[in-house]
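The following pair of complexes shares a single chain, chain A, combined with chain B in the former and chain C in the latter.
On to the complex of A and B.
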């Protein structure tokens, strides 16, 4: 009996608790955010009486916010790209090579996830700061004369985000490569393809689902990251997520903060859809 | 068309010798099987011929040219893998085109070669399918077509039928053999299935522990095995103990057994009184009423449809297996006559 043919209410009753849970604690709050984003700013209260599109007008007409979206997208793209370039060889090695310490290497890849994100980000401030380990060392060796600007800029945020999110790139790619039959590479070689051609024509396209998943994960996580950008970026460089929290908590502008949050979500969603379209796999369909 | 010559080929993994100095000459257009249990070095040998495994010592020559230092993609081989190794993201046509693209074959010629090969492997009309839309047998034929469309010097097959069910396996044996004959390509076939090796090959190379135990035409391997390992690997075999009565210098040797005095071929001199072992294939034996041949007692019988399997204890204590047609049944503990023609006995190590 196929599940779709089941008669009666039984199955629906079974998923009811989950539907209620999601509905009450996820869908309703989201709807409330949408509603909130159209409310009038209040004086001394979270929001005033009536509705307006003013929050969105403010967002789209103020180049400060547009620039911030561009900045956030740029940081997300850069983080994703670096994670891909750095992560792919690691994933390949973990999936394929005969390594003595594969277990250890696997543990090292996962290790960033074992330490809280706040601690990791603080760690980077110790390394990247003007008085931090990196600048100190370079100064002492005499390679530089004044500290390199590693913190309070996009570069510092990207460095820290790459560290934090690298496992999310490596793991799906590793799984995808493990799923590719090693004899395919040999088959391509036997047909006259060099190692690089065999990689480009066979291994790369077949590990694309993993690359796609890893990129989407890292990109989305980078866009919505709050702790790392706020600690490393400080007051000077702000990403959208940081600005949203500022609006909600520091300046108590709930309606505008909600509008900002939605704009960030929609931007991210559009970027992901475009990416998924570009990397769509014909052979997977049907 | 290519002649392959393997000379003292060796492969070591650490201190283990996976392939231990084997030499074979494979004639132009010959179908040769590497037969042996897993771990005997047959697949490693194939991988070295293909160029996927480095060679520790020795030479592999294609038409006299040593290819040991030639990378796999430059060796001009066609290979069929056990799991087919079809590119899942490419259609049948794209799979076949891959090797031609690597060779920069012009589009029109590519099309005509692909359609010719598709016809050859009986897959015309399947060009647009993806591998996963095909049955195991069809995938196998695509793999064969992909290896042949590039018109390679040699065809290498690594246990290509191992994943197919029994019926299809027998069909594919005939199919591959016919195709190979038609194309006339030098072929090396790796298998652990003796029936496969026997039915398909011009010659069989039996390997044990990285070494060649015997090279010969299938009938040689089956009827005149070099040693006990070979005899047992290529089929059920009965061992008959005997004593040399006369180890003549004329290549003959008279051995006294429970079957009487049997004269067997032997290149080696044996002193009278030496204990030897003769092999006797189950199908060479005829069972009948006591009187003809050796005396025996039926220990047990198993009905298997077209034949009945018997275990019989001979007078001297040897236990033998044989099969007989059901029209002539013998009960357990029944006394029988066990007869075999003298030329079906074989003295192990006779050629040494």
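On to the complex of A and C.
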């Protein structure tokens, strides 16, 4: 019996401010944006009188936006896959190996989270630009004759996004691997399983929840990323989030902007559900 | 993968994680007028330019102010919610946790846009800092909640019962049992909320009024048109500010901040 649960209204006062805050400034605005997406575009005002499904029709019939969604999904998918490949061994080492400098390594993994996203993206523009560190170095040592196109394209965006979101892949996987009882691995080995088999049959299936969580986090975050694609992609490559924000800030197309933002989010959510279904099936199969 | 290969691989990843941050810090000491490689000598001139740049200095003050106000609010609301969650929540416990973490789980862009429309729909608008601070409170709330509820994990209701049976009143029990337990969580959560708020971009970008740019926004605007190392100096100062908060909290106060 938890003390105080039956003691009148007192305990509810503790949760009340949070409920009010989230209810008024999160739930209501989200309902409002759904409503907004069905409003009639205004002339000189953010929106007009009446309701329409026209904003969605405009989205689904314009190949420009469809192409952009495909492009954004592709960038998100690529970022997620690379984060997984790059992050898994690090998560593994952090969770298992007896390291002298584990604290330092852990700090290094977390360090990008403590530096603002604008600054991190800026760092990548310094590295990837035509006159950037990488191209200058390669030119100076004569490996290339003209700068490699590392920025203002999808490649640059993916490189920077991998950097920005890598900690969100490493941390859940690390937590999952730490949760696996080391004696399971030892038992498999003592029963004659090779290192690879023990890894494939024991560690990998048991760390799947962590992998799944990391992949979903990175994918969702990269779909809605604004700063990095905006600074690295420039005007040439635009992701959906950039288009949405620019459409709202520059042209005040509120109803259409809302429809765009919701379509992007729903597409992302559908992708996540499909991914979760697929990985759960695999998980059971193994 | 053999152990050596794994170590080398991990070192490369750490280098990748640090590279853009180190490059920014390095570029801030560039004496040249543009970001060129190799740098044209070392100099602190861009720091001088930065400290004399009223636009950036105002942005820093705005950022610190917004971060301070929203940290106080989200610490109060988040701590109270965590106390309820750990001590009183019954069946709806998991729902409360998900609701409290929802600002982190929802795409920040969508939250920012929804809030923007909402404050205009109800007539608050973005002329005042209200909308921006609400946005910052929303985003930082989960971090306070995570830290405080984690610090309460070890809480045993029997302690409270014991104190009550010994005649301690509600306020005394809170002060003598609960407060010492949650103190590290509250301070840790507040510090992390402050750091997060200081770096928030999308929410601030959508909800800023005229002349209320925070440092990340000012930096972003500057980077779209300028290429001098001044931006690197601004970034470095911002990184150092964050580092000071982290080092003070972890080394001096001995806190372990829960980031997830």
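Criterion: the second predicted complex is superposed on the first by the 262 of 286 C-alpha atoms of A that agree within 3 Å, B and C clash if a C-alpha of one lies under 4 Å from a C-alpha of the other, contacts with A are read in each partner's own complex, and residues count from 1 in each chain.
Quick note on the criterion: a residue touches a chain if its C-beta (ideal position, glycine included) is under 8 Å from a C-beta of that chain, and two chains touch if they have at least 3 such contacts.
If you're wondering where the values come from, they're calculated on a predicted model, not measured in any experiment.
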Once the shared chain is lined up, is A:149 touching chain B (first), chain C (second), both, or neither of them? neither
A:179 in the overlay: touching chain B, chain C, both, or neither? Say first, second, both or neither. neither
For A:22, using the defined touch cut-off, is the partner it touches chain B, chain C, both, or neither? Pick first, second, both or neither. second
Quick check on the superposed pair: does A:187 touch chain B, chain C, both, or neither? Answer first, second, both or neither. first
Tell me the contact category for A:205 with respect to chain B and chain C: first, second, both or neither. first
Classify the contacts of A:197 with the two partner chains as first (chain B alone), second (chain C alone), both, or neither. first
In this superposition, the partner of chain A with more touched residues, chain B or chain C, is C
Inside the complex, what are the residues of chain A that reach chain B? 181, 183-184, 186-194, 197, 201-202, 205-206, 281, 283
Listed in rising order, chain A residues that touch chain C in their complex are 1-5, 11-15, 17-18, 21-22, 25-26, 28-30, 32-33, 36, 46, 86-87, 89-90, 92-93, 97, 105, 108-120, 122-127, 131-133, 136-137, 160, 163, 166, 171-172, 220-221, 223-224, 226-227, 231, 241, 244-245, 248-249, 254, 257-258, 261-262, 265, 268
Touching residues (chain side chain B, partner chain A) in the complex: 50-52, 71-74, 76-79, 81-83, 85-90, 98-99, 102-103, 130, 146-147, 150, 156
Chain A partner, complex, touching residues on chain C are 1, 3, 6-7, 9-10, 13-14, 16-21, 23-24, 27, 35-38, 76-78, 80-81, 83-85, 87-90, 96, 99-100, 102-103, 106-111, 113-118, 120-121, 134, 137-138, 141, 157, 160-161, 164, 195, 198-199, 201-202, 205-206, 215-216, 219-220, 223-224, 231-232, 235, 238-239, 242-243, 246, 259-260
